[in-house]
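In the part that follows, the structures are each spelled out as structure tokens.
The two complexes that follow have subunit A in common; it is paired with subunit B in the first and with subunit C in the second.
What follows is the complex of A and B.
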């Protein structure tokens, strides 16, 4: 039983960052109809920026995470402005090809800049774990979870309680009508992509110090984000949140009780189950697109 | 006129080893040929049905692994007391088995993924390739994992008791791959001009309209996936018996991207497109290798892919064809016109 509880706790903590990744991707898909293949690279970018600020420049750990997120916003806005804005109105396959090209270029630029050697990041938390009854968890993971939940909460507040969020939801439902009502759809697209990129960079910045940073970590992150988004239904934010935690749980239990070699295969098994039994995803709201 | 051009091409390709004796260049051509077959198979899905399969390397790898395992033989400890022993089979039968296995997985993936379209299919295929890679890495009893399968027998031909030839050399492999490539080219060409092909193009152009006139959309999508996967499996089999070693790196996503770049650059939805793209991107890396490290090469590829989508969205072959037509007013239905293009 303690073992099971420990798995549940690990799943919860992992799920928080997965949910961040999934929400960013699903927002971009829902509002822009773009399958964002650079999502994993923004995750890698966030992790490398924290490495750069903490380990190279010696900036404060927490400030580095915020800086990485800010740079994620800038990079996201740049990608949207250069690659996606000229293609607005193009079909989904065209933008997918462009994003794949950007993915490959970005990943190899990272490899070129940082070499293929995995890097670790120091963090200021005590190494002794937090022990609650029979389970324990390291302090850095507690921080990662708390920060991820905070960001998810901020996302919900942004979307449901601000004018910007209202404009985003309007664009989500009907782009043309939103534009007629005076919503600056171009600006919403840039902001959405920048915000989704920020969440991906945050996930990378948070998990970088927990694991190691290497140029290819983004591949698995992107695949997992895709799995989460399919699980929750393309374009659904509650779905992506729940999907993140479901994937975290599936991976933990799969690695704990089946085989740790297949940990990363769990996402695909979930996709198959979802597609066979409920192809529209767990949260098949009527706002779902795709 | 068109037949003459095609015949000239075939004669030229067959004649290359006669005047090109440099084995390194022959090796590059063989590799380019294998990738061209894979690109032809991807084009059937991407170009004609409009479905982007980003897990195509999985079918390639399944073909390669199946063919290698059947020709090598393997044993699996199913229970403590019972071990399943699979004796080695002749290479040609292994090759067919690889094609069949890849086709079977294509059917399975098609059945699952085409319940929903577009982005879902892309994501399912991409995850599928990743899972197959993980299996090849972790199921060490069967695949040897990262230690790779070695000493895979090459192809060979024999007249029993009289004469035999095993394809250790590059020359017979070159001809073998050329023949298979031509067969694949003809299969795709005939298929897309048949009733089934018109159905596929119809649903690419307007799925709602196609199904309203009675095209069984899912059936044709699955059919295209099976044929495409089987062809990719054939390419994998050719690869495995030529290189004679296969490891989980065969499933790297970067190979799928290479195939996609080949098809998109050459011209998706044209029969000649993947051949042009395949040869171009099969040979280009060897040229670039002199100037650029692998990372820089891949950055160039990525940027190139974006540039093609922006500036040459139809690909090279349609661009050249329309230029040719405008210049010479050639007979209708040129080699590179996208089938059913508006």
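What follows is the complex of A and C.
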């Protein structure tokens, strides 16, 4: 029983960060119809920025996370402005190829800047874990989970309760009509991409101190993010949130009770099942690309 | 006329550019190296490459080989078996190296091996420990690192002092990890020690919480961990988080205890590590002058001290190839292969010489290296 509870707790903590990764990606796809292959690199970028601020400049840990997120916004806006804006109206394949190119270029740039050797980031939390009965979890992971849930909530509120969110949803439903109603679609695109990038950078900034930081960490993160988005239904924020938790649970219980060798396969097995029985994902939004 | 001139200049330029490398190659003896300089196990690969470069400058400082300078061509296999094959092929076909050293992980080495057969080029294997490498009938393989079986056997002579009752395993899910787990299980069982659960992790995985929860539930006093230093760091940290108090013993020689102290901090305390070189005590190495000279040069270059436990492999591998080229009297693959069988090298690890392993008639070569055990005590590396 304590083992099962520990697995559940691990899944919950892992799911929170997975959800955060998925939301940024699903937002960008839903509103811009762009398959963002640079998502994993923005994650890596966030992690390296925290490394830079905390370990090189000695900035406060919490301030560093906020700074990394702010720089994530800037980098996202830059990518949108330089690469995606000129390609608006281009077919999805062209955009995809450009984003794959950007992904490779960014990963190599990270490697050039920081070398291939993994870095570790100090955090101010105690090393001894938080113990609840039979189970335990590290303080830094509790913080990461809380921060992730906060960001997910903020995203949800932003989309549903603000004028900006309304404009985003309008663009998502029908770009042309939204433009006719006076929505600045170009601006919405830049903002959406910057916001999605910010969430990816935040995930990297939060998980960098939990794990280690290396130029290729974004690959696995992006793979999980894509899995979560497909699981939850493209473009759906509740879907991505739920998808994140479901993936965390599938991995944790799959590794715990089936075989750890197939831990990463569990998530994909689940995706196959979802796609077979509910091809639009768990929470598909009504408006989707063909 | 001016157009013609321009064309002529252009052609001359191309001819010069093409001729330059050929002219260069006549004066140097090239040795190819494929290592993971980037990706999941980048730290280790870079250390091996740094060690190899030290060997290169040692050789050139003492007059090179056969009157020529030694030139290493180091390629990045990106911690990926497919890339390992591509780098080996590039080194053999384009750079025309007569011998290779590589490719760190057993999985990369196994991937490269058919290419050695295809082109007939010998490779000195400096790190990989899967038994399959020397038993699959590839006569171009010369391994200086110990097999997992040798490592387990050597540790078996010391296992009594650890008083292990029941051990679990957490290994990377590839040829190296699975091979080590098999050999160590066999050794433990032969000593009457119980084996609990055997868990695996993907080489890229960062979260091992599920595996650790299972190991904790299985009980036992020791967990054997086989993977690269990046993942060992994560395992140690996450064990602390989940209050898994079993003693950790890492195998495979890629634990780099100093890096663990720096990156895992207190979580590394009390862990044990099997190593093939103990750079904290070079004076007690079998060839103290060689070991001390290597450690001094490493420090002089400002390399990370933590990398010495990997870096020495690069040195020993290149020195082994150099000894064979010297003995062969020419830098040709077939001659080097033949000469490698007879080399006696004073390596950093110890004396390097090869015995035959694998199916008769197409044996691979295997060296019998030394194995050391160290522990981390009050934030410092110590002998147990």
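Just so we're on the same page, the second predicted complex is superposed on the first by the 284 of 290 C-alpha atoms of A that agree within 3 Å, B and C clash if a C-alpha of one lies under 4 Å from a C-alpha of the other, contacts with A are read in each partner's own complex, and residues count from 1 in each chain.
Note that in this section contacts are C-beta pairs under 8 Å (C-beta built on N, C-alpha and C of every residue); 3 or more make two chains touch, one makes a residue touch a chain.
All values reported here derive from a predicted model rather than from experimental measurement.
Asks: Clash or fit: what happens to subunit B and subunit C when subunit A is overlaid?
Replies: Once both complexes are aligned on subunit A, subunit B and subunit C clash.
Asks: Given the touch rule stated above, what does A:101 touch, subunit B (first), subunit C (second), both, or neither?
Replies: First partner only.
Asks: Touching A:261, do we find subunit B (first), subunit C (second), both, or neither?
Replies: both
Asks: Could you look at A:77 and tell me whether it touches subunit B, subunit C, both or neither (first, second, both, neither)?
Replies: Neither subunit B nor subunit C is touched by A:77.
Asks: Please indicate which partner A:55 is in contact with in the superposed arrangement: first for subunit B, second for subunit C, both, or neither.
Replies: A:55 contacts neither subunit B nor subunit C.
Asks: Under the stated touch criterion, which partner chain does A:138 make contact with: subunit B (first), subunit C (second), both, or neither?
Replies: After superposing on A, A:138 lies in contact with subunit C but is clear of subunit B.
Asks: Looking at A:117 after the superposition, I want to know if it touches subunit B, subunit C, both of them or none. Which is it: first, second, both, neither?
Replies: second
Asks: So, A:272: does it touch subunit B (first), subunit C (second), both, or neither?
Replies: first
Asks: Looking at A:29 after the superposition, I want to know if it touches subunit B, subunit C, both of them or none. Which is it: first, second, both, neither?
Replies: After superposing on A, A:29 lies in contact with subunit B but is clear of subunit C.
Asks: With both complexes superposed on chain A, which partner does A:149 reach: first (subunit B), second (subunit C), both or neither?
Replies: Neither partner.
Asks: Looking at the overlay, which bit of subunit B runs into subunit C, 239-247, 257-265, 275-283 or 311-319?
Replies: 239-247
Asks: I'd like to check the shared interface: which positions of subunit A are touched by both subunit B and subunit C across the two complexes?
Replies: 111, 219-220, 259, 261, 264
Asks: Could you list, by residue number, the parts of subunit C that touch subunit A in their complex?
Replies: These residues of subunit C touch subunit A: 37-40, 42-43, 45-46, 79, 173, 199-202, 204-207, 209-211, 213-214, 216-217, 230, 233-234, 238, 240-243, 262-267.
Asks: Touching subunit B in the complex: which residues of subunit A?
Replies: 29, 35, 83, 86, 92-94, 96-98, 100-109, 111-112, 219-220, 223, 226-227, 229-230, 234, 259, 261-262, 264-265, 267-268, 271-272, 275-276, 279-280, 290
Asks: So in the complex, which bits of subunit B are touching subunit A?
Replies: Subunit B reaches subunit A through residues 50, 52, 54, 112-113, 115-116, 118-120, 122-124, 126-128, 130-131, 134-135, 137-138, 253-254, 257, 260, 264, 293-296, 298-299, 301-306, 309-310, 313.
Asks: Touching subunit C in the complex: which residues of subunit A?
Replies: Subunit A reaches subunit C through residues 2-3, 6-7, 10, 13-14, 111, 115-118, 120, 127-129, 131, 136-138, 141, 207, 211-212, 214-217, 219-220, 251-256, 259-261, 263-264.
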